[in-house]
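Below is one structure, written out as structure tokens; comments come after it.
Per-chain numbering from 1; labels A, B, C and D assigned in written order.
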């Protein structure tokens, strides 16, 4: 059986006024998520703004996370960079710093192919003795991990799981079917507004960015699904869908990336979890008017008085 | 007047059997290009496979290039990484190592916007005192530098030029028209099969990857255009178009990235310029059958006896 | 309350050897679907290969369908052509020929916008007194009906429902939430491999192309969902997912369009429902080897002895 | 030798207040273009808004065009519809109504393939005895005619030429090279802002939409290129590029299609060539403010006093 399961939020990385990591706030984020009952934590993913951080900062974030988590839940670490050997370097650091598994995307910036993606994962697996989870995120890397690629890697033992942020729920279902005999494989969806669906299909885990704002909601949704109460699962998901609308508040004024994660940060600041809603350069933070609209949504979904 | 002009090849990075940089071969590439009359050299670009190299290797490549070039032609250096502060770090290293200008793409992996791209270039320009050239390469970063973005950056003094690898020759023409009054701005095309066209439109420079294989051809083409002999320019370009077909020989078997640069390397090895045609992981090198077809093309275009 | 609901297959159009419509087979398809318990029929959609048929043939198909159906279930008719007035013409014919509602896409071939799409539906609604269903099918028309566009049209009374073939299940969920107060609006999904999910979200209907091959399966799935038996719904859906794999058997050899609908036709011929598996020009029909593989899948999913 | 060459504008279709064709204005457009020295006319193309017209109107437009042109220049007719047999029907009508050649796109709305595109052209060629010109317009049909597809069709005798509106000037150059031995093949570019480039590459014809507004400019450009005066060709093209900016004046407010052709019509009305600038539904016409900006551009480029 896989040691990974359940609600595994991708952890937001709060910043100080000088745009370095605010570890005091970060600790509060980690505690907030663990106390809510999350089953694992995914640090240095896209929601963590991993590609904005240099090697040294990434190492500090992993070490800090490992220290705070202290084995209470598994620590999954994104090792995101364009090419194989750079990823291997990150994976070695992550392993040494306490990662239970690392999350690897397809190569990016380069024009790649499924065959090259297969080799990418194999080379990394051969180089570093740490479990690999494939990260399917075409919106960032501009290539889809095709069903056959993922299944091949799983059957070869190159990967122990998948984080599917492709939005292709049909393909995710086929992964679940194709690997139904493999209890050691861990398939997670990143589609945070159809988590009830993913669980009905048999997903082993969910990685909702908005769980940084409302981890209790996703834990309740998970628990409802585990006991087969799909009506309750749907109802919880629908409330979370209304909450998720915060990600579009700044749409148009700032970039898509800044709009979404900026909204998470603005909401977490309003909720007192983190001290600033600052974003790494060149991303712009949300403004007061946008934060006001986000607070309205927090109130409407029961998170703010 | 801009100090940059003419044929500025993006320099291929040859590798040794252990996949580290083969500096002996690399020196020969640089000399080959300078002796052919190239007017500048662009190292650590996409053709140089920059995103496969870590920070330390990049620094060595710049320092080695600066030493070999020794001021004979300008040294332009790619500082390619996903986000602003990581690029600033590369730019500082590049400046210290002898770059005359650095080449910067839009952010990648992140979902960005034109407004964020503007800030990206401004932050970098403010942080490092080295001339910036904007690199418009949507095939890698999946966003186009829009005309207004580029013109704004040029008018603000944030950039001194553009390397346009977007394939959008109409947009490139509008850049030339919009900035026709600015003799200090340097606009280069990366569209290596329509260089005669770009020069007819008034382009200040060309950055043809295939010039690694046949720099003399592009220098002849440049010279023909300078003297207004468009018939000769076209004829030279047409021969180079036939040569350029090497990039499709391995298409389908290997990735698009590996097929193109792998073909450059295979041809350069056949011509005795470099010792191996190896590619960085996870890219596969071309095989013997493919190299044979490339040699046929080299013979048909007069480069191989 | 909407008069439309449930399983509404898009009906395949069988052809004779001369590539005209095989009405004898077509009648059998209609009877096969009605007898299985389908709740409505959608003719002249993408699965019906509507854009291959001229105006006269379309009229005959509608009239034939209306005669065979004879009021037993609602008859929904696709009126698919690039621009407003051509669609109005089809809609008038469809209404006269017995359509209970017509299905309208965004304009295509032309480069359109959401504002133009709004006007497109409004002009059609004003011109013809027949209920309109919006057809969201970006894979064919290359534009998405955005959430706000669809909701606006529904609130204005321009449309009475949506057939969502966009694959964007998150957006579909927001439509369900945004229009939850409107019992007269009919929201159907075309995502045939996640129908259990769509029903859990509250979808009012499903339009599965593969229901031409196995309508009983989708009716069982619908019934399981109606009684809240999500485990049974999922199990039925998983079998149908295995059946759905017939659409990829000819992938690569023929076009994507021909591979999918060609597979439906090949399976229906194997099952004795239609006489030929011929495709309209320029589509190629599946070959014997491909049909053999399809028969294997029919056997594995319990449809063929 | 091909009977086709030179400047072949795609003719705008003016409308009356009731949105039917304004044949009085249309006649003036045709005369305006012929008198300016255009070498052929292309009616019922994308610029003619062909897909907005039904079969009967299309026939009238062709017959009217043939009557007005009266053999003075070749008449090329677009036969644009999604699928093979519908195109054959249009082609038969076009031939009977006086077309010298017909222009055919790849299938659209359907998900097609290069193999299917080959068959599409072959079936049409076999069915109708009229010369076919392939229309490469991915922005409308969402598939590119690949180099090998086009060359195969030309070598087979299925097509006598190409209208390339793909914007891929590198690919267009390879067509010119691949078919350089075939004097009976007619290769035209639709890239109206790089016509000097296309002619330097050896293009046989150009199809500039904006030539509806300024045919004299394109005729001068053509003549300059014929006598090898590339400096004059470039200078004329640069003025036409400034004129072409009218197509972006309404960008954002109306659709991309309406913005471009709407600008042509607004300019032609300002110049007294046509009576209204109305657009077919659902396209919106340009407003007074936009027309004012267009008039400014007409004045700046010497077309309006």
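As a convention for this text, a contact is a pair of C-beta atoms (placed from the backbone, for glycine too) under 8 Å apart; a residue touches a chain by one contact, two chains touch by 3 or more.
Nothing here was measured: the structure is a model prediction, and the numbers come from that model.
Please work out which of A-C and A-B is bridged by more C-beta pairs in contact, and write that pair.
Ranking A-C and A-B by C-beta contacts puts A-B first.
Let me spell it out: compute each chain's centre from its C-alpha atoms, then which one is farthest from chain D's centre?
Farthest chain from chain D, going by C-alpha centroids: A.
Measure off the straight-line distance from the CA centroid of chain A to the CA centroid of chain D, and report it in whole Å.
Going by mean C-alpha positions, chain A sits 49 Å from chain D.
Go ahead and note the Å separation of the Cα centroids belonging to chain A and chain B.
Going by mean C-alpha positions, chain A sits 35 Å from chain B.
Counting only residues that touch at least two other chains, what does the list for chain B look like?
Residues: none.
What's the contact topology between the chains, one of line, ring, star, complete, other?
Shape of the chain contacts: a ring, since each chain touches exactly two and the loop closes.
Under the touch definition given earlier, write down the residues of chain A that touch chain B in their complex.
It is residues 46, 49, 51-52, 54, 80, 82-86, 89, 107-113, 115-117, 119-120, 123, 139-142, 254-258, 280-284 of chain A that touch chain B.
Taking the complex as given, what residues does chain C use to touch chain A?
Its residues touching chain A are 167-170, 173-174, 177, 191, 193-194, 196-197, 200-202, 228, 230-231, 234, 238, 241-242.
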